[in-house]
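Comments concern the structure below.
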Amino acid sequence: MTDVTDTGAAAPQRYFISEADLRALAADLLGAGTDVIAPVSVDACQSPSALATAACLRPGVAPVDVEYKAIGDAAELDLGRDLPVLSLKQFFLPDHEALCRWHQRGLEVTVEEVPTTFAPRVVLAAKPCDSAALAVVDAVMNWDYKDELWNGRREASTIFNLACPVIDESCFCTAVGSAPDDVKGADGLLTPVEGGYVVETTTEKGRALVAAHPARFEAAGDPAMVGRIRQTQAERAGARSRVAANLEIDAESVRDWIATHFEDPLLASLAIRCNGCGACSSVCPTCHCFDIVDEEEGVGRGTRRRCWDTCQAPTFTLHASGHNPRDDQHVRYRQRINHKFSIYPLKFGEVLCTGCGRCTRVCHAGQDLVEILGAIDIAARRPGEAAAAAGAAAPGDVEAAS
Amino acid sequence: MSDPTQARSAQHAGAAAGEFEPRITAFVCNWCTYTGADLAGTSRLNMASNVRIIRLPCTGRIDPLFIIKSFERGADGVIVSGCHPADCHYTSGNYHARRRFAVFHDLMEFIGVDPRRMTFSWVSASEGAKWRDVVDEAVTNVRELGPFDAYRALAPEDESDAAEASAAAVAAAKSVAATGSVAAAKSVTAEAEAS
Amino acid sequence: MNELRELARKLLTDGEVRVIIGWESARRGARPMFVTEPDGADGLIFDARCVHNLVTYLNPRRDHVAELGKIGLVIKGCDAKAVAGLLREAQLTRDDVVLIGVRCGGVLEENELPEAVALTRENVAPRCYGCDNREPTLVDHLLGEPQPEPPQPAVTIEERVAALDAQPLQERWAFWTGQFSKCVRCYACRQVCPLCVCERCVAERTQPQWIESSPHARGNLSWNITRALHLAGRCVDCGECERFCPVGIPLTLVNRKLQQIVAERYDYKVGEDPEIHAPIGDYRLDDEQEFIK
Amino acid sequence: MSRIGVFVCHCGENIARTVDVAAVAEAIKDHPGVAFATDYKYMCSDPGQTMVKEAIEEHKLTGVVIAACSPHMHERTFRRACDQAGLNKYMCEMANIREHCSWIHEDRADATAKAIDIARTIVEKVKHNKPLESIRIPVTKRALVIGGGIAGIQAALDIADGGHQVVLIEKEASIGGHMSQLSETFPTLDCSQCILTPRMVEAYQHPNITLHTWSEVEKVDGYIGNFEVTIRKKARSVNEDLCNGCGDCQAACPAKRIPSEFEAGLGMRTAIYVPFPQAVPNIPVLDRQNCTLYKGRRKGLAKDACGKCKEACLKGAIDYDTEDTFIKEDIGAIVVATGFQLYSIGREQPEGLKGYGEYGYGEVPDVIDGLQFERLASASGPTAGAILRPSDGKEPTTVVFVHCVGSRDPEKGMKYCSKICCMYNAKHAMLYKHKVHEGRAVAFYMDIRAAGKGYDEFSRRAIEEDQAEYIRGRVSRIYRDGGKVKVWGYDTLSQEQVVIDADMVVLATAIRPQPGVEQLAQTLSISYDENGFINEAHPKLRPVETNTAGVFVAGACQAPRDIPDSVAMASAAGAKVMSLFSADELEREPAVAVVNENTCIGCMNCANVCAYGAIEQREICTVDGQVCGHVAYVNPGVCQGCGTCQAVCLSKSVELQTFTDEQVYSEINALCFWE
């Protein structure tokens, strides 16, 4: 978590940008041919409005979703709305992308590579939990094989977070080392204040963007800034404590407990209602597993693509022999928890989760990560209470009992 | 029923001018329609050349996935044809097919596919002439509807683009032309342009 | 509710079942509950928030649930049709499960609420409108008082389907390809479907690859058409596929359309009788064939 | 990697005229997986086939595509050629560029382009063909013949004489069927029993024939070459091994006034009885319905009311407490020869038939049907061959014969012609005139149908030599008028009303299948028509086969037939059975479905759509032999290869060899119109 009052790195530069200037900035960028990615409200139907209302509008369901989109017009900017359905991940690890293409004529095969460099782009008002996720995933994308496509997109992107104004009962970023005003994985932070935003740049990329558009930013030193900053300090502290109220765990204890309780019935019991639908992986900003498929486009020609995959799918670990080491859903769910909160931290020193809570919100079977982490934390730190907590069914122990 | 001769003359003109030529895949049963198509041949019944037949034992074997895949591969239309009710070589394969295709037909219409792109017919081994009519009518219908670009537009952005395709096709055309076959060269180029 | 808790407690105490699958009220609203200890039965609830079709836990793909031992399952009338579906297709043996039916007056569209609220035109699940099966018959126990008809929703599913039907082909195509292009192929719709019983889904076949795996518009269309067709005459309209879809594709509309098709063409309605054959895989000599030349 | 050879045929000018065959061969060379391509004037000629064989050698081809005519034309030819060259014959396919291309198109460019596509399609298919071996099914060389009439006897004898075991079952107490009831037979007027009885005895004594009378088919499992048939031996109450046919039991039986089925109700029998003196086997059955003892037992009497036959039987062969027994037989082929019954045209009718009450049958004793007349005319009949009318036993001076009673009558009877009535009416008229020289024989007919060797001559003889009066017209009403039987008719030739005071009337009633034949057909899963006659597999080309492999049909159960037709059909069926038995194994094309047990979930949708009942549920076990589920199993002996199961299989777990998903997909893929 980055505290703006004191940073290990170069002290953050502070500026103010008005609502109007922010849109103007976006317009400038678009004008210069730079892609601008930002959360926008989209018609839930992407179709003629007649249909939108008649065919899609379901009582109790919002007619619009918020999504990260490459905007075409600054007017589309719609900052401060809910968490987008899908995380920012899709702009760095798209749900599908070509790795290469092949052509065969007679017996001769030609393979065509895809470019790994990308045009510069700017992300405005990213959610801190999404940018933080990018930084966490950077580790696995570079520890051995360097993922050129991932890195290419990372390098090409300048990201400004928006201090998170929407916190609900599923959020727990503070429990996993992030915060509603985190700039991890980003190049700067926007904090809403009267009439605009306080802008902080924390990286060279961030400063470069400001430097490139001096007209849009009011430099610090302006007396008004002091008040503004004091105001943001308070709000940001408040936001953090609101999230903290949802969940507090000791990540190390959780990590070690999982590592040493692989067969613990608690893990199975916590997975019991999971349908293995895998929606949690799709919406997760840190889930990064992919499958590689060859898709034909006629005889002797086609494209090799990678697309999102999930450890929640039975086929994820299905061997050619027909054997499946994770042939059961509670085992697959355990893998998800294990990988995020034990395996990954043990290997890369960071939890593979930024507490965005999407998995909980998207799960209509009621798998609740706040509750699950809480239960594991209790088991890890107060084993006495754990027994009581694990009242629910556990395939493991029932099997043992029967 | 449109005028078949018109369908054909239009086609030859079209081929020459490299205009849109409907591409139609036909899935037919071995015992009735395929044999009926054989009869059309032995009776020298001239018909549009836009249809490519895939032989199957029975309409009962035909899965809607075949039709979807045909569209994915750029077909502008499909034909499914088998034995008349009660004539099925396997007694009931066509009855099962009939239900499957009724549901598929209605669903595709709901999704927004023009049913005229999908011709379903019963053509017996003795109905060579009917097969001719089915083919010509299907070609005329699809010609009126134009290429199924709506479906091709679903192709992923990173797919090999048409330019490459036509380039490849032209190359092929050259190789063929080298052998002195104007005909094939022309045909392959036509394909390239169509795509 | 007490009736339900008492019965659950009894079944568990007598060892007639090893687990009761019902609903509980949790932090984020109602959700499935798995009770293995008689005392746990007190957590069971049944109210308008109990949307989930718990029959999905009987689906043979749910080994981890089967491991619990003999199941006592709480079901609504609509859920009973799914049980019938599993029996019809030999995916379940009737004696392997104790079915506890609850009389149902309709459920909420949005169930993640701290407690149940009265059903209104705005909040009722549209699929409940015109439900003809609010008292399951396939059950071993039927609980609760007879319930009133659920209210008519502000917009009925039929109205939405009709609205689509009224559009020209191009509009419908634009609508559906637009919807399906949102699909990220998490296959949540399939995983939660009580009738999607295949060990290996056709979508996972690569030789041949009938359905392209990566989530581009073309592969997504094939997948969604195939999913719908495979459920033609089998779908019990529980709406779980749409509810679980993370990107909000209105799958209910496709499912309902297929129900209309089999109803109009074959006078078939998915019901609670496992003996009645599904319409696909069955035929009549005089099935209409107006679309065939 | 596949190495496919493509051979483009000119078919003389037939293909080359409109398709640039050289261009096709040239274009296909570029197709992935094609190792060799060429064109030739006549691929089907010897040099052409040799070319294929040599290319297989030289280019190490893994598959062959012949771009020529329809597979229906020459597929066998080229598959044989490949086979001879050591390439599995199922690796060879035809690309039809003649019937489907050169013959139906004029534009050379279009035709050539299409021919290239067709060739590509088939090349792609062959790339995914798998070498297949034809299926071999063991054959149990043992036939079951159902029905002991002349057809059944003939079929049984032919097969038995061919050296194979035959199980012959007859539901009545004796074999012989209707033919044993006949007096003389047309057109030769030789005595029916004289020619039949020796056959009956031969069948009974034949070392290869096991005879079960008073028996019926209970259940049939299995398939061609491998049926398991359960036979119900109805309780006879008489031990067949002990009984010596002395007849003392019949003499002792007090119940003597039971109408005899054999005598068509004109004679009486006892409760324990042999149907007729020449019965085979000559072993009585006890008719429990009419037996005093069993009547008593049904009433629940404490003590048996009778027992005379048992007392009378010195062999102690009678046992009142026997029950139906069941025997299982392993059978390779089945011949159905259940024969016919006469349409009983009385007022009361079963199954919604209208009947012909206006003809007084069943009410006027002297109105009888054809079989009853046969018994009157039969030397072994109730009147010892004298024509005496039932009412008063007097000799009738005027007898009216009515044709087509219930036949050719969509309104009230059967639509079809019963075929044999014209002939037996002529015969009856003759027999009557031969025995009652002064008598008057009048026949009302619609048309005379006397097609057959010596048939027309025969019916003419009835008219010209024996002065039978033939009146072309229908009879409207028959009723009793004092001692006479009034017959109201109409002569359509003289346009006159005709009224005849007859002494006796013989109705030529329609021929119908035996009762219960539908149930039998269902047991055998063979089909039958609206009238209940068994359906042949093909009306012209497969007249004695049914739609179930290994089940054949003979005689009047398939349609009205006379004796020579029935016998011919029986021998034909016998020949079919023998050709089936000629090899130890049955060889079939491997075009059958195969289940992938790893992915099958046993929903059995496939079984629901299989028209042949080829798919059954099968348990699968874990390595340690624990039943862990069930899957579908396709019986290759029964599967006909339609592939309907594959299309309904949601998980694509059943594959029709020769038309696999891989193959079809590749063909579609080959038609990718993007290139």
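Going in written order, the chains are labelled A, B, C and D, and every chain counts its residues from 1.
As a convention for this text, contacts are C-beta pairs under 8 Å (C-beta built on N, C-alpha and C of every residue); 3 or more make two chains touch, one makes a residue touch a chain.
Please read all numbers here as calculations on a predicted model, not as lab measurements.
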{"item": "Between A-B and B-D, the pair with more C-beta contacts", "value": "B-D"}
{"item": "Farthest chain (mean CA position) relative to subunit C", "value": "D"}
{"item": "Subunit B and subunit D, separation of their C-alpha mean positions in angstrom", "value": "42"}
{"item": "Subunit A and subunit B: spacing of chain centres that average the CA atoms, whole Å", "value": "47"}
{"item": "Centre-of-Cα separation between subunit D and subunit A, whole angstrom", "value": "73"}
{"item": "Distance from subunit C to subunit B - Cα centre to Cα centre, in angstrom", "value": "38"}
{"item": "Where subunit D touches two or more other chains at once, by residue number", "value": "30, 598, 609, 648, 665-666, 669, 672, 674-675"}
{"item": "Shared-contact residues (touching 2 or more other chains) in subunit C", "value": "164, 171, 174-175, 200, 202, 209-210, 212, 214, 216, 280-282"}
{"item": "Touching two or more other chains - residue numbers and ranges from subunit B", "value": "69, 73, 92, 96, 100, 156, 168, 172"}
{"item": "Parts of subunit C lying in touch with subunit B, wherever the complex brings them together", "value": "164-165, 169-177, 202, 210-212, 214, 216-218, 221-222, 225-226, 228-229, 232-233, 254, 257-258, 261-262, 265-266, 279-285, 287-289, 291-293"}
{"item": "Footprint of subunit B on subunit D - complex, ascending", "value": "20, 22-24, 26-27, 30, 70-72, 96, 98-101, 103-114, 116-118, 121, 547, 591, 609, 611, 640-644, 646-648, 656, 659, 664-665, 667-669, 671-675"}
{"item": "Of subunit B, residues touching subunit A in the complex", "value": "73, 156, 158-160, 164, 168, 172"}
{"item": "Residue ranges of subunit D touching subunit C (in the complex, touch as defined)", "value": "598-599, 601-605, 608-609, 617, 630, 648, 650-653, 661-662, 665-666"}
{"item": "Subunit B to subunit C touching residues, read off their complex", "value": "64-65, 68-69, 72, 85-86, 92, 95-96, 98-115, 119-122, 134, 137, 150-151, 153-157"}
